[in-house]
Amino acid sequence: MIITFKPHTPPSEINKIRTFFIEHHCELKDVSLNDNFVFGVIGDTTNIDPKWIEANTYVSHVTRLNVPYKKVSRQLHPEDTVIEVKGIKIGGNHPLVMIAGPCSIEGRESTLLIAENVQKCGAHILRGGAYKPRTSPYTFQGLGSVGIQHMVEAREKTGMPIISELMSTEKLDEFLENVDIIQIGARNMQNFELLKAVGKVNKPVLLKRGISNTMEEWFMSAEYIMSEGNEQVILCERGIRTFEKYTRNTLDLSTIPLVKQLTHLPIIIDPSHATGNRDLVESMSLAAVAAGADGIMVEVHNDPEKAWSDGAQTLTFDAYKEMVEKCHKIATVIGRE
Amino acid sequence: MIITFKPHTPPSEINKIRTFFIEHHCELKDVSLNDNFVFGVIGDTTNIDPKWIEANTYVSHVTRLNVPYKKVSRQLHPEDTVIEVKGIKIGGNHPLVMIAGPCSIEGRESTLLIAENVQKCGAHILRGGAYKPRTSPYTFQGLGSVGIQHMVEAREKTGMPIISELMSTEKLDEFLENVDIIQIGARNMQNFELLKAVGKVNKPVLLKRGISNTMEEWFMSAEYIMSEGNEQVILCERGIRTFEKYTRNTLDLSTIPLVKQLTHLPIIIDPSHATGNRDLVESMSLAAVAAGADGIMVEVHNDPEKAWSDGAQTLTFDAYKEMVEKCHKIATVIGRE
Amino acid sequence: MIITFKPHTPPSEINKIRTFFIEHHCELKDVSLNDNFVFGVIGDTTNIDPKWIEANTYVSHVTRLNVPYKKVSRQLHPEDTVIEVKGIKIGGNHPLVMIAGPCSIEGRESTLLIAENVQKCGAHILRGGAYKPRTSPYTFQGLGSVGIQHMVEAREKTGMPIISELMSTEKLDEFLENVDIIQIGARNMQNFELLKAVGKVNKPVLLKRGISNTMEEWFMSAEYIMSEGNEQVILCERGIRTFEKYTRNTLDLSTIPLVKQLTHLPIIIDPSHATGNRDLVESMSLAAVAAGADGIMVEVHNDPEKAWSDGAQTLTFDAYKEMVEKCHKIATVIGRE
Amino acid sequence: MIITFKPHTPPSEINKIRTFFIEHHCELKDVSLNDNFVFGVIGDTTNIDPKWIEANTYVSHVTRLNVPYKKVSRQLHPEDTVIEVKGIKIGGNHPLVMIAGPCSIEGRESTLLIAENVQKCGAHILRGGAYKPRTSPYTFQGLGSVGIQHMVEAREKTGMPIISELMSTEKLDEFLENVDIIQIGARNMQNFELLKAVGKVNKPVLLKRGISNTMEEWFMSAEYIMSEGNEQVILCERGIRTFEKYTRNTLDLSTIPLVKQLTHLPIIIDPSHATGNRDLVESMSLAAVAAGADGIMVEVHNDPEKAWSDGAQTLTFDAYKEMVEKCHKIATVIGRE
């Protein structure tokens, strides 16, 4: 940590800062330049929030020298984390993982039908929403436990592991018992109580980036989970909020090389929620594979126009099949498969 | 709801849409213009998500004719909602309400000291964080129940009602018993399980706008609370995330006239979190009062530079006293007091 | 400037950086901390772009110690700049300046009618668009020189100085001859050729902030004008682009205290373009005055619904009169008048 | 165009709107639904700005039925536009076009060296900045005409056509004489005078999207050029401004399928400026090719760390060669080559 002070800072203020660091078992080294007082901090500053230092009106900048996400960072953990779910390996140099299913679980028949078909098209993992975060209290909120049970049945039929979104700690036991990967949705990326709770269990967690969260905040949320002991974290980019109106969100594919560079965690791309538009799902999926994504999660439905939620972004079986084939061709070209 | 179709839509697709609305007890009226098929929907569309209609690739636009937030909207509830907390009235034409206190509760002594002093300066309600949402798992997470008890003691001494942030449903009973206003923080604005839980209790809720949520989403989150039965909702603007770097967030003061126009709920402004900079707190508070805010919530501490969190945005007692006086003068000028 | 290097940077890379600075007549001072190589730069770095240093992959951070806008900064110019236009003083502790007029100049009669009426309501300066930047090539592009002549005639009648937007260097002579303040619009805030051109003349320039420009970029654009010799720059905030949909742009009033703190230039607020909604213009104007703005620029028209552009945000004479009176009351309360 | 009115709109207001449309040679058709007055407009509304109608306080929504960009839209021009520059075809199903060169032209030797080398690596067109838009007036502004002459010489040596950025109409003649493709930079995307000027010439124009412009605004700026007669427009996405800090801008690859769907123009991706980080350039280029881009424009330099601008995002010859090879493999897989 390097601290620069404004010109003419009184010595008493510099002493306040010095005392603060001594209390935090760090040392200050004077490295001033001409008119500018500059101090370097020697010692462990992980639990020091830079904002505490910036509170002093005489401080002009605080420059961190290390990233604040220790366990997520590739610095101390150079090899890729690979997460295994019922024999499917996610991350590292393992083949592309395809995750597909309906936005909302709507019933027993349709869940089984969709599961069998996406598997035929090449999906490895079944996704489906049983508890749905909805902007309006008046629209369909998901089948809840009944939906989870339909997914469990689909897993029995197909052998595919299942992923679903957990919205509150109260349902954690239900998810531990029934679900293979726990999804934390974009709106809950900074629901720290929920992060701590899934940090204490032994089950892979897919953590979606919040629609307006920086990558650093996303990595810090993964750090919440890992700091509690659960190291099976998969990151998932699903679009960020920008001023653009032709897409629901702007898919940020630069997350792929940056996640690979800065962290050791796998990264999955969800182009369905990002674009909100089925015509864009295939091209954004191919782009994600070309950029090095470890997997692609999309919404597929037997009758998208009758889907109970988000039909506009949902693929038919035929469209999904074609997309999976192209994804694998690109994966081969970039040396993944 | 008005639905416009793309040119050359096949009649079979129009029939699909027609069937959908009949199933939802609505009626379609053909109001086509030249080449453009246009349909009006007659009936209650509250529980119809426009995205379901947009899923049909032949649909080009869906225009809603009514706002989706029935209980929050001023349309059916023309008079201002006034919320009373221990004799203090928030909203309507009632005098400006001043809320102040430390960002984090740090100990018994400092809490009492701050409470007594902000009251002397003109504060009506004491704020303080006992459970703190923090980006990093390694920084101070708040004193928890101990912090709540310090606030309770401060209320006993001063008579000021207290407000604190609730982060999970598990602590709801503690808050019901001890706290006068439950704060839902910006990061939890779309934690729908938490919104439903505070919607079932009889206690005022201060709902902060998420840093990247539209006003419509904010009003929908208030609707979640009100639709469960709790109509004592106070809205609080605390800045939105933009590209600007000189402020932590951009305080959106246009929320004040818009909340007044579109809803019947009170609106409080929090300039401390928005700006992250104590030098801006006074001028933004005065601006908020001039624009018609019902109250101002700021951070005040006996020694801001030693505050355990967010000291950079925290006022001293003297600065707060001066600010309160100016706020009242402006309130008088605009006919509030 | 402080430069931090990544751990294990080879000495040859550090030498490259050292050579670079020596070539720019600066000196490097080694202030390393443990594993982290850190260098301080001594000398004038104004013409060094931090990006040149960041190009070295071994560099982790470049921290500037001084602001890059020398002439705009209050550091070397502590007293307020006051700009005088035909006896009206803008900035410093001078009374609030009210600027009003139609969005577009539409004709001789209406220009005279509006000029006389806004003056009666309390306006000091007449605004009007003769050359209009329009998103679509098919909508009204302004009356051009004819419009400027109508404004000149209105000045002759009323004595009010006039301000209008310059869109290209080709019209600069026309503006020098006819207009009292040259407005540079938000879309041209980084049209550097235009900035240099108005920097070479002796005429006040009102520089609008671009809808997605940081304050630092805005100050750098003012620096372009001032570095060419023209020090009569007035800054104007008119709203920034965010995700919010209920307003056209988000008016960023925190610019007011920050412009006062960081620069010595006057700041004017334009709430009409920011909000795009006449119902918000009055409350945002009052807020701007309370926050310390030096002036308020709004759109006023004798028949807003028939205005040729931006009628939705335009005030009637009566509404403007009421607003001006309230603005002055607030200015008095904050000790301005 | 469909216009919905608020409930209880007085008939006199509806008559105002009716009169307005009659004056614009359109017809209003009453298609009201229960309480909501709704009107459809029949006729050509291209030159009607929806804001004029929204100015009436009784109007609640204006829904456009057609896009405002007639010449850019694929609707009336279903076949792809292919732009030919010295035998190189851009757009349609033609092979991927690779554009490369230094950010700034720095001298004769380095320009020739870079030109020859990028050509060997597979580039088809040479890029280089002679007039540089710079945030600071104190940093290098480009070699100007001398830089253009170095590029001309490089073209003579290599046969590669050249592209450079035009910043003002005053230099248009120089560009017409010397340059093969005129680039309009992001900051000038809404410099309408410049757009009109390049719309009057017979030379391909590459139009970069502004960092905070919507796709619709971008298409409207292309429409400015085309409406003046020049139909040789190439669109170029170079990243948009968001809240993310790990990248300079967020590259919006969803522009690729949307440009293909909504327009008939070619689309080029510039990942260098978007990411500001050479480590991301290759993966974002591959992603862009996979998504269907017609070409890739990147910065390449013989010694990136000594480049006079934007070195951090600049590739070496070796890195560029490898990237070009991978791009072509992906182009083959998606059926482009």
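A, B, C and D label the chains in the order they appear, each numbered from 1.
In this text, a contact is a pair of C-beta atoms (placed from the backbone, for glycine too) under 8 Å apart; a residue touches a chain by one contact, two chains touch by 3 or more.
Only a predicted model underlies this, so the values are computations on that prediction, with no experimental measurement involved.
Among the remaining chains, those touching chain A as well as chain D are B, C. Summarising the inter-chain layout, the chain whose CA centre lies farthest from the centre of chain A is C.
Computed centre separation for the pair chain A/chain C is 39 angstrom, with centres defined by C-alpha atoms.
A straight line joining the Cα centres of chain A and chain B is 26 Å long. For chain C, the set of residues touching two or more other chains reads 212, 241-243. Chain A makes touch with chain C in their complex at residues 2, 4, 29, 31, 33-34, 36, 38, 40-42, 60-61, 63, 65, 212, 241-243. Those residues of chain D that touch chain C in the complex are listed here as 16, 46-49, 51-52, 54-57, 68, 133-140, 167-170, 187-188, 190-194, 196, 211-212, 217, 220, 223-224, 227-228, 241, 276, 278, 304-305, 307-312, 314. In the complex of the two chains, the chain D residues touching chain A come out as 212, 214-216, 240, 242-247, 250-254, 256-258, 261-262, 274-275, 279-280, 283-284, 286-292, 326, 329-330, 333-334.
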